[in-house]
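The structure follows.
First chain written, first letter: the chains are A, B, C, D and E, and each begins at residue 1.
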């Protein structure tokens, strides 16, 4: 209670020097932008694991009374947690940020296909354009890492 | 601290529950509907704790932890679904999700 | 044992016919012909052998068959044959045979499945006529519906889907009421005696309070009068009959309607004699209304099959009238009516079918003067039209006459009114002849007279209808035992007052207590 | 146990102490950073530049209190308050000395966890309300980081709870008479410290506000005292984490009797505060995804394994003698 | 935990561990066929264990579970149904999602939830079972990510199910607050000593009924059913219609019988009204649908209404009737949706009436099976549905519930119309192109085909010779 009133008082001081029309950093455009769904995933992970800690916490406080019986139970629970963790790991839920190697691999695959197709086309046309794929390559690499 | 009477606790839980109920009914944004449902669940959890306190048993709290877990799982799935739906509909308006009728 | 074979042959024949069509087109016809023929022969043999037994006093049952089915419900596979059933079975197989023959060329589409349905309808009807277990009765009652539904719904005429629905829902809904009534009877009997059974013989003696008896009887009655049909519940019939393929109409008119009449005689009266007697005047009234209404509407139809359908309504009015007149004479008339109507109306439907095959219309306004082109057909049509109007010397006359004599004892006014119906019958029968075979020649393109197969169909029908008109005694004798037995029983039980002291459905508990 | 001091006094003492120490830390940090980086740091105002803090504070107070017109005003104002309030609330359960505690809750650790996770709100609300792309990005990162490390933080503390069987910090400190828990719970200590740094989003884990990537992250739009609140809040957070660490693993106020318990406590805490500053001075900032990977793939399993092994040992010791 | 305890819960463990095994195997490598086999094998093994180990012994694990005949019977039923659903899922998912493996985890977990539900005797286990079931179902319903309707259905089901869970929970809390017991037997004990039902307790029961009504999609809590049925993938729809509802129904029967709710007129009246409304509304709404899935949805509302008739009859006969009807209904529903699933293609399920036009001539066997299923739903003799309905009516008549029974009869008549309509569409003459080539190798469909054949054989067997099934039910349920 005291802490709260103390902080409230401080906020009152802030308002003493209010002056709305000046200064600051100019913001450009709307900031209501869409961000990676990866953040949602983290939120879900947190929700799941944080709730699971509740169980561990409630076990921790009474684990002496529960003894080995409870230990085995929690062990099973923890093993389940690990299974889930491994599962998520393998499924890429824990890959935060882009994985350069994967993108490169996928891109190469794509490129091979494309170049193969282009080779056919060029053979048909009787003219080869070897530099074009390389240029494209550079360009897209930039865009994926950016 | 004074002990709170069972009736008061239940009434509080009931009010929370009703609030959740009403807002599920009137909200159109799916996320808000989800939140309202969570409120209802938590109201039920509160009622359990009050009931457990009345009988001086830990059962109520145990139940509350389970409810919490379940609510968490529900939110996770719910968020994922909402995200998917948003990708397809580009809106969170519950009324937009009306492809099925009859 | 022979009884179960009747059913097995038909059902097995149906399946075989379906399969046979996969091997070779057209084979299914022969299979089903064989199946119906075997049954017909078997039934005839049984009939020829049986008169001696029938006249023996005591048991009226010629043959029985019992097997366990669902013992925990008290359901058994219980078949029994008496004179009444035997007659109806003969009719069934006779018409079944003809149905197969009439379909010979008419049905070109999915023959295998068609004959499967046809034979299963027959099997269902056979089962209905034979079974002495109420559960089994309901079971067969349903079995005959579904294939009939398909017959109408797939091979019918332009408005078939609607007609098929209507037929199915009317009969099914009323059937469910009967199921409820059966169950009610079952539980009341069970709680009274501790013996939970669906056996007809056991249930016959159930002591019922007046109210319960009324309610339960209404349940049974609902199913039967819809099937029969009695006037307010007849609306499915004109649609179903006119939209069904020829064989379908034949079976509908010739056989399905009879199951309703059979049910009245076999179940309603014996099980609830008191309530049946109570309701008799009303039932007779409705019968008469049916006679008149059917006749009037038949007269005003332009669709040939629809016309014949309404004549069925009219004829079945006589059945209703006769059954509730409660005397042996009327009942004999009813049995005769069932058989002669089956033959005569069946023949008219087949006629309609053969005409439709030739000129692709059923509208009698577009017909006329066909006598010149098709003398054979015209003669046959004349015979059955006369039969339909009740010309003496043909089967229907005997039937209607007996019925009217019988009902005279019960109600004179109604009998007179019913007799007026006969005048109506004359009018519409002559109208058939007038419009189709006399008068100005209409659209004669492609008219040919009856083929050999068609003659083969009509010939036995003509023989039968004349035979029934001239010498109906064997038929009457066959059923006599059963009918008098039922009536006596009913009178005996009516004499003793119903068990009023027991409150309705008082018995608590069920099977497990 | 000493004679109980009036709770209000304790509250006042803690609040005053913390609020005084926090700005002091700013100065301390600057000086120390300068020391380690071979430069002067603040040295003009007052002796060793001590008064620079005062000057800074005055400047913040007198600076224009600017609320961006495009921002969500209410939230924008509330956000910085939250960070200070929650951080201060954390001190409620810290025992500075026997009896010198605002409230000896029996769920002290849980209370601490609860308040510290509330801190995530200030970041996310602040970042959201600023309506600025960088701020939003920073907020999202900050929130992700904080909630992720929240999980491990709670789990790593459970080792201590297993050893003592209590959530009360006072009980925990008392249980360390013989042996500081840093010895049996070294893994727990390390993971807790890492999680703690991440919780306060200090360098090297200052992803939410990394200047070089997203200007200043979630508080890009803040200025004046509102910025000051964030700033101060961060330092209060450092003190809080340090004191909790001390309580959990380094015996709290316990120490040879030649100094009063409070002094021991403050000394130990300062060691950790200096450690924080040292870390800032010496470590580079990891990439965001590296940070998250580290948390989920290494810290989480390690904390859980630590927990299970601890429990097994405790149970074994209980049952065997 | 004693050895017997352990032996008894092995079926639950087996399900759990197979779910974990699948997760592992996905982590190693995604292999649809392997995972499918694991799933099917675990269901089969579980079922056989259940049959072998639980002849008729009753075993109680305090305070959560009770392994009595009724529970074991329902569990076995659920396992077999889940097996059938698995069987029809393979072909269905093989042609659709790129990530189809997780579906089986969810399927197993949902089955686990239902299995827990039917053996629970405590609010906690009830709640856990219910939620495991529901949460798995959310994801299963929305499993086809490409389909908007699937997501929509998932969201709707989620909101509705959470909503109903909240009701159930609040109701439970109130019951707990009044009685001080979360065990069914404890509540029953309280009720048997209490002179009359306290208002708060009645409120609690009322809220639980609301929740249960949602889960069972009873009128007036049925709004979600049609949309969810339509949006969910066909096998999942089959699962919702059978396992999910069946589990809840079994629980309802157990709870109501234990606390002897029949004593309270208010409760009985509430259920009677609900039953009648469900029958009527379900059937009437089904009449105007053009979408087969929606028709089946509304029909399932009506069917649960029918079930309530026997449920209200109570007593041994009522329970037997409910069990029998569940068996018949499960067979039929899984069969119908199985056909629907086999007919569906990559982009959409075969749910419009037009998809069935002339089916009999295109695929006679498929059409014949579907007809059999529909006839069974309509309660036509020779099928399991008939005997089931007969049993229901018998139970109702036995208990003199004439109103309910006559409503049942009336509604069966209404129901006929729409079942027959689907059949009629199948029998329509089909002109136009022949069946398009299947996208997958025909061998994929073998399993589905065999399952369908088995189901239809069961349907007929139970329909023609119900004695065996009745014996089984009696030995289990009355033990």
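Basically, a contact is a pair of C-beta atoms (placed from the backbone, for glycine too) under 8 Å apart; a residue touches a chain by one contact, two chains touch by 3 or more.
By chain, UniProt protein names: A = NADH-quinone oxidoreductase subunit; B = NADH-quinone oxidoreductase subunit K; C = NADH-quinone oxidoreductase subunit M; D = NADH-quinone oxidoreductase subunit H; E = NADH-quinone oxidoreductase subunit N.
Note that this is a predicted model, so its numbers are computed, not measured.
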Steps needed, at fewest, to go from chain B to chain C via touching chains: 2
Neighbouring chains shared between chain A and chain B, ordered by label: E
With chain A removed from consideration, the chain sets that still hold together: B, C, E | D
Remotest chain, chain D as reference, centres from CA atoms: C
Per Cα centroids, the chain farthest from chain B: C
Per-chain Cα centre nearest the global Cα centre, belonging to chain: E
Distance between chain centroids, defined by C-alpha means - chain B, chain E (Å): 26
Whole-Å gap between the CA centroids of chain C and chain E: 42
Chain C and chain D, separation of their C-alpha mean positions in angstrom: 94
Chain E: positions in contact with at least two other chains: none
Contacts with two or more other chains, residues of chain D listed in rising order: none
Chain A residues counted as touching two or more neighbouring chains: 43, 50, 89
Pairs of chains found to touch, sorted by chain label: A-B, A-D, A-E, B-E, C-E
Residues of chain C defined as touching chain E within the complex: 69-73, 109-110, 113, 135, 138-140, 142-143, 145-146, 149-150, 153-154, 161, 164-165, 168-169, 172-173, 176-177, 179-180, 183-184, 186-187, 505, 509-512
Residues of chain D touching chain A in the complex: 8, 11-12, 15, 61-70, 77, 81, 84-85, 88-89, 110, 130-133, 135-137, 140, 143-144, 147-148, 150-151, 154-155, 158, 161-162, 165-167, 215, 220-221, 223-226, 229, 287-289, 292-293, 296-297, 300-301, 304, 307-308, 311-312, 314-315, 318-319
Chain B-touching residues of chain A, taken from the complex the two chains share: 37, 40, 43-44, 47-48, 50-52, 54-55, 58
Complex interface listing, chain B residues touching chain E: 6, 10, 13, 17, 20, 24, 30, 33-34, 37-38, 40-41, 43-45, 47-48, 50-52, 54-55, 57, 59-60, 62-63, 66-67, 70, 73-74, 77-78, 80-82, 84-85, 88-89, 97-100, 102
In the complex with chain C, residue positions of chain E that touch it: 315-317, 360-361, 375, 380-382, 386, 390, 393-395, 397-400, 405-406, 409-410, 412-413, 416-417, 420-421, 424, 427-429, 465-467, 470-471, 474
